[in-house]
Amino acid sequence: MSRLALTRRTTLKSMAAGAAIGATAPAIAQATRTLRWWSPQGAPAQLAAYKYQIETFEAVNPGIKVVFEATSDEGYPAQFAAAFASGQVPGIVTHLPSFAVTSYFNQGLLSPFNDVIKMIGEEKFYPNANRVYDMGSNVYAGIGIGNSAANMIWLRKDLMAKAGIAKEPRTWDELRDAARKMQGGGIYGAPLPYARNSMTSLVFICFIHGAGGAVFSPDLQPTLTSDAVVNALEFYASMRELCPPGATNYSWGESLTAFVSGATATGLYTGRVLANTLAQNPTAAPHITCKLYPTISANVPFWTFNDFPSVMIPKQFADQDAAKKFAAWLFREDGYVKQLHAAPGHVLPVLKTISESASYQNNDIIKQYRAEVDLMAEASAGGFNLGKESPQHQTNTKGREVIGSNVLAELVQKVALNKENAKTSAAWAQDRIAEIMKRT
Amino acid sequence: MSRRGPLGFALYSLFAWSIVALVAFPLLWMVVTSLKPQNELFRRPPTILPQIVTFEHYVKLILETPFPIYFRNSVILAIGTSFAVIVVATLGAHSLARFAYPGRRFLAQLVLFTYLLPSVVLIIPLYMLMVWLGIANTLFSLMLAYTSFALPFALWLLRSFMASIPDDLEHAALVDGASRMEAFFDVILPQALPGIISTSLFTFILAWNEYLYALVLLNRDAWRPLTTGVINMLTSAFNIEWSLLMAASVMMSVPLIVVFAFLQKHLTQGFGAGGVKG
Amino acid sequence: MTSPLDRRNHLLGAMLIAPTILIFCAVIVYPLVSALYLSLFRIATPTLTGAWVGFSNYTELLGSGIFWRGLRANLVWTAGTLVLQIVFGVLAALMLHQNMLFRSLARALILFPYFISTVVAVLVWRWLFNDLYGILNHLLLLAGLIDMPVDWLGSMPNAMISLVLVGAWKYFPFVVIAVLARLQTIPETLYEAASIDGAGPLARFWDVTLPQLRSVLVIVILLRAIWDFKEFDLIFLLTGGGPIDSTQTLPLLVYQEAFSMQDMGRASAVAVLMMAVMLVFMTAYFRSYGRQEES
C-alpha cells in the first residue's frame, strides 16, 4: 500500500525530528519554569476544567508553565516507582487515593503540605477534612482535592413502591429484606462486589464498620477476629444470592453500571450515579435517591467511606515554590467549581465556603438532586477510610499494601463463594495482615 | 489442494467464512457499539444492531480529544521501530548467516534466551537506563526498548531466510569485483525482501500495541502513543467511557487490517521460505 | 568460501553483529543482572533502597504456598492456551490455504485478534462475558442451553477456561501466519504422489503436510510457550488473579510484589525463579529437538 512506502522515506526525517525534540525538551524546561501536573482523572469533561485552571494561573504567573499529563488509574504504582527512582518527578499530583499519599510520605518522597493549607486558608476547610493526612505532630502529607462519599446506598423509589417497601432500609436485615422483595423479573437486589480486587476490599471495610468493628485497633493492631467481622462476613455472604452472577468479577465500573442501567434495585456508589443515570438511563432519573448505607442495627452509627482524592507535591521536584502556588490555585473558587462541575455530586468540595457558594450550586444536576448532594457533602466531610478508620485511630501508612495484597477480598471470596467457615477464615486474614504490617 | 466444482467452492467459502466471522465477532461488536448512542449501550437484553446509528463518538474523538496526536505518535513510533529493527537485524542476520567467527553459533542461540526475562522486572532498570542516556520520556526511548524486544525474533527470522539464499549469487557478485558489503546491498537484500517485510510487519504490530512500557517510559502527553493515550484518557477504575473507547479501538485496529490485507502475500512468503531448512 | 579475504571477513562479520550485541547488553543484560542483584535485598520500590537479606527472599517464596500455586496456575494456563493456539493455528492455516471467496480479506480478518492491543481486547471480552449485558450469556439463554447467566470470570474452573480460550483467540493468528506461509511452499507433487498411492486426506496431512511443517512448528511452539508463560496483561486485566489466587500466575505475582506490596527485592526473586523454570524447559526442549532448531 502506497502509504507504507511513502512513510518509509519520511521515517528518517521523523526519527530525526523526534530525537531532536526529545533532546531539546530539557533545555526548554530550564528557560521557563515548567510544572508537570499528574492525575489519573483525565476524562474529557475534567480536562476542560483543568485547562481553565492552568490558563488562569499562567496568566497571573508569567514564567511558569503548567503541563497536565494523565496517568493510569490502575498502573500508577509502576509510573510513580519509575519517576521517584529516577528523580524525574512531576511538580504536583492529584486524585490519588489518600493511602498512596501517606505511604509515599512515609518513605520521605513528599513535601509537607502545611504551607499550602495556610495559603488556601485553614478556616475554609470542613472541620477534619484533612485529618487522614495528619502524619503526627501537625505535619500534613497532602490534602484532599475533593471528598467522595463512596458508599452511599442508592435506591429506586419506583421499584420500592412497586414492592411495597415504605421506608428506606436502616438496618442490614431491612436491606436484605428489601433487596429480596425487589429481586425478580431480571432485576437483582444489589451490585455488591465479590471479586479479587481493591473494590471488594474497600467495600467490605465499610461492612466491617457497619457491624461496629474495624480492621485495625486505634494503635494499628489487626482486629479481624472480632465478632463484628464475623457478622459482617456472614451478612455479606448472605447477600451473594441477591447480586448478579457476575459480581464475582465486579469492579467499580460494573457495579455502577449495574445500578444505573436498572439491572439492580439498589446501588453502592458516589454521586457519579446521577450524571450517568441522566446520560445512560434517563427514564430512571426522576426515581433515584441516596441515603447513608445501612448498618447492622440502629445502635451502630453510620460510617462513610471517603476516598479522599488527594493533592501531593513530590519532594524531589526542584521548583517547590511554583508547585505550592499552583496547588493553592486549584482551590480558587472559579476554577475549583469548574472542576467539581465536571463530575457533579461525585467529587464534593473540601472547602465549606465553596459548598455554600452560589456559583457551585448553579448546576443542573446539583439543583435537581439538592437533598442527595447535601447529604453526600456532609457525610463525606465526616468520612473515613483505611488510612484513618476513626478519630481515635492513628494514621495508617500501610493502607496501600493491605489493599494491594487483596487479603480482604480473598477473605470475602473464601466465605461467600467457597462457603468456608467465617471464623477460621478471619483468623487466616488476621495472620496475613499482621505479616504485611510487619514486613513493610 | 483438491479441485472442486462451483458448488463445492461456494459451500466451502460459506464454511470458512463462518469460522472467520466467529473469530472476528468481537470486531463486529466493537464497530456496532461505537455507532450506538450512549443510552443504548446497556440495554437488557443486549441488542447487536444499533437502533439509531450515530457517528458522534468518532467525531468527538477526532475533533475534541488529543486522539489525532496520539495516532501520529503511534505511526512515528511504529515506523521508526520497524526501520531500526530492519537495519540492525539485517546486518546482524547477514553476519550470523554468512560469516564465520568464533561464538557465532552460540550467539544465535543466545538470542532466543533473551526472551526469558519477565517484563515487570525489566521496567525500572530500563527507565533508569533511559535517564542515564538522556532520552528518558521521549519517543526515542520507546523505540529503543521496542527494538530490543523485536530483535531476537527478527534475527531468527532473517537469519534463516538469508541462509536459504544460495551462495552462488553472492559469489557471482564477488567474482565481479564487488566487496562483501556491496554484495550485501545489491544481491542479498533484494532476495531477502519478503523476509524484511515480514519482520517489519511483526515489529509494527508490536510497537503499535504495546502498553506497559509505553505507560512507564513515556509520560509527555504530546508524545504519547495510542495505547496509553486512549486508555489513560478514557478509562479509570471508576468509570469507562465505553462509546469513545470502542470508537478509538476501531480506529486503532482497522488501519492494521487494511495494511495487512494488501501486504499479506509478502508476509506469508517471508515465513515460508525462511523455514525451509529441515 | 575459502578466499584469502576470510580473516578480514571475520572482522566485518563481527562489526555487523555489533549493534545487536550493544543493544542486548544495554537493554537485556543490565536489567537481568540488576534483577539478580536486587533479589538479594529487601527493596522499597519507589526509593530502590533497602537492606541485604541474602537468600531469604528465595527461601520464603519457595516455602510459601503462594509461589507454588502461582507456578501451577502458570503451567496450566501455558499448556492449555499453547495447545489451543497450535491446534487452531494449524487448522485455520489449512482452511485458509484452500481456495475460497475473498480469501485475502478472510485471512486479514482472522488475524484481527493479533492486531488489536491486549488492553482493548480484554475490555471487549469482559463486556461479552458480562452476566447482564453480555451477548454470550444472552445467546446461550436464548438457545435454551442455560437458564441462568454463566459466571465466566469469577469462579473456577470457568475463570481458567475463559483465560485459556481468550488467550488462544488472541494469539493463534501468530501460528496461522507461520504455518500458512510454510504451506504455500510445499510442492503440489508431493500430494499428488501420495494420492496416487491411495492416501486419503488425513493420511496426506499426516505423511506429507506435518513433516514439512515440523521445522516451523518447532520454533513457533518454543516462542509461543515462552511468551505465553510470561503473559501479564491478558490475565491481569481479565481476572486479576482471582477467584482468590487461582489464576494468579507468576508474572502477576511479580507485579503484586513489585507495585502493590512495594517490595522490588521479592519481585525480582520471583522473576529469577521464573527464568530458572523457563530455562529448564528450554534446555530440555532444545536437547530433544537438537538439530531441528538450527534451521
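As written, the chain order gives the labels A, B and C, with residue 1 at the start of each chain.
The definition used in the following text is that contacts are C-beta pairs under 8 Å (C-beta built on N, C-alpha and C of every residue); 3 or more make two chains touch, one makes a residue touch a chain.
This structure is a prediction, so every number in the text was calculated from the model and none was measured.
**Q** Can you identify which chains form the pair with the largest number of contacting C-beta pairs?
**A** B-C
**Q** If you average the Cα atoms per chain, which one ends up farthest from chain C?
**A** A
**Q** Provide the C-alpha centroid distance between chain B and chain C, rounded to the nearest whole angstrom.
**A** Between these chains, centre-to-centre, one finds 16 Å.
**Q** So what's the Cα centroid distance for chain A and chain C, whole Å?
**A** Taking the average C-alpha coordinate of chain A and of chain C, the gap between them is 35 Å.
**Q** Residues touching two or more other chains, restricted to chain C: which are they?
**A** Only 45, 48, 132-134, 258-259, 264 qualify.
**Q** Which chain A residues reach two or more other chains?
**A** 78, 81, 85, 257, 261, 263
**Q** Got the chain B residues that touch at least 2 other chains?
**A** In chain B, the residues touching two or more other chains are 41-44, 120, 124, 212, 231, 235, 240, 258.
**Q** Please give the residue numbers of chain B that touch chain C in the complex, ascending.
**A** 1, 4, 9-10, 12-13, 16-17, 19-20, 23-24, 26-27, 29-30, 41-46, 48, 87-89, 91-92, 94-96, 98-101, 104, 107, 109, 112-122, 124-126, 129, 144-145, 147-148, 151, 153, 155-156, 160, 167, 171, 174, 180-181, 205, 208-212, 226-227, 231, 235, 240, 242, 245-246, 249, 252-253, 256-258, 260-261, 264, 267-273, 275-278
**Q** Could you list, by residue number, the parts of chain A that touch chain C in their complex?
**A** Interface residues on the chain A side: 77-78, 80-81, 84-85, 103-104, 107-109, 194-197, 244-249, 254, 257-258, 261, 263, 400-401, 403-406, 409-410, 413-414, 417-418, 436, 439-440.
**Q** Taking the complex as given, what residues does chain C use to touch chain A?
**A** Against chain A, chain C makes touches at 44-48, 126, 129-134, 148-155, 239-245, 256, 258-264.
**Q** If you look only at chain A, which of its residues touch chain B in the complex?
**A** Contact set of chain A toward chain B: 1, 3-4, 7-8, 11-12, 14-15, 18-19, 21-23, 25-26, 36, 38, 40-44, 67-75, 78-79, 81-83, 85-88, 186, 198-199, 251-253, 256-257, 260-263, 270, 272, 276, 279-282.
**Q** So in the complex, the part of chain C that touches chain B is made up of which residues?
**A** Those residues of chain C that touch chain B are 1, 3, 5-6, 9-10, 12-17, 19-21, 23-24, 26-28, 30-32, 34-35, 45, 48, 92, 95-102, 104-121, 123-125, 127-128, 132-135, 138, 169, 177-178, 180-185, 188, 191, 214-216, 219, 222-223, 226-227, 230, 232-233, 250-251, 254-255, 258-259, 264, 267-268, 271, 274-275, 278-279, 282, 286, 292-295.
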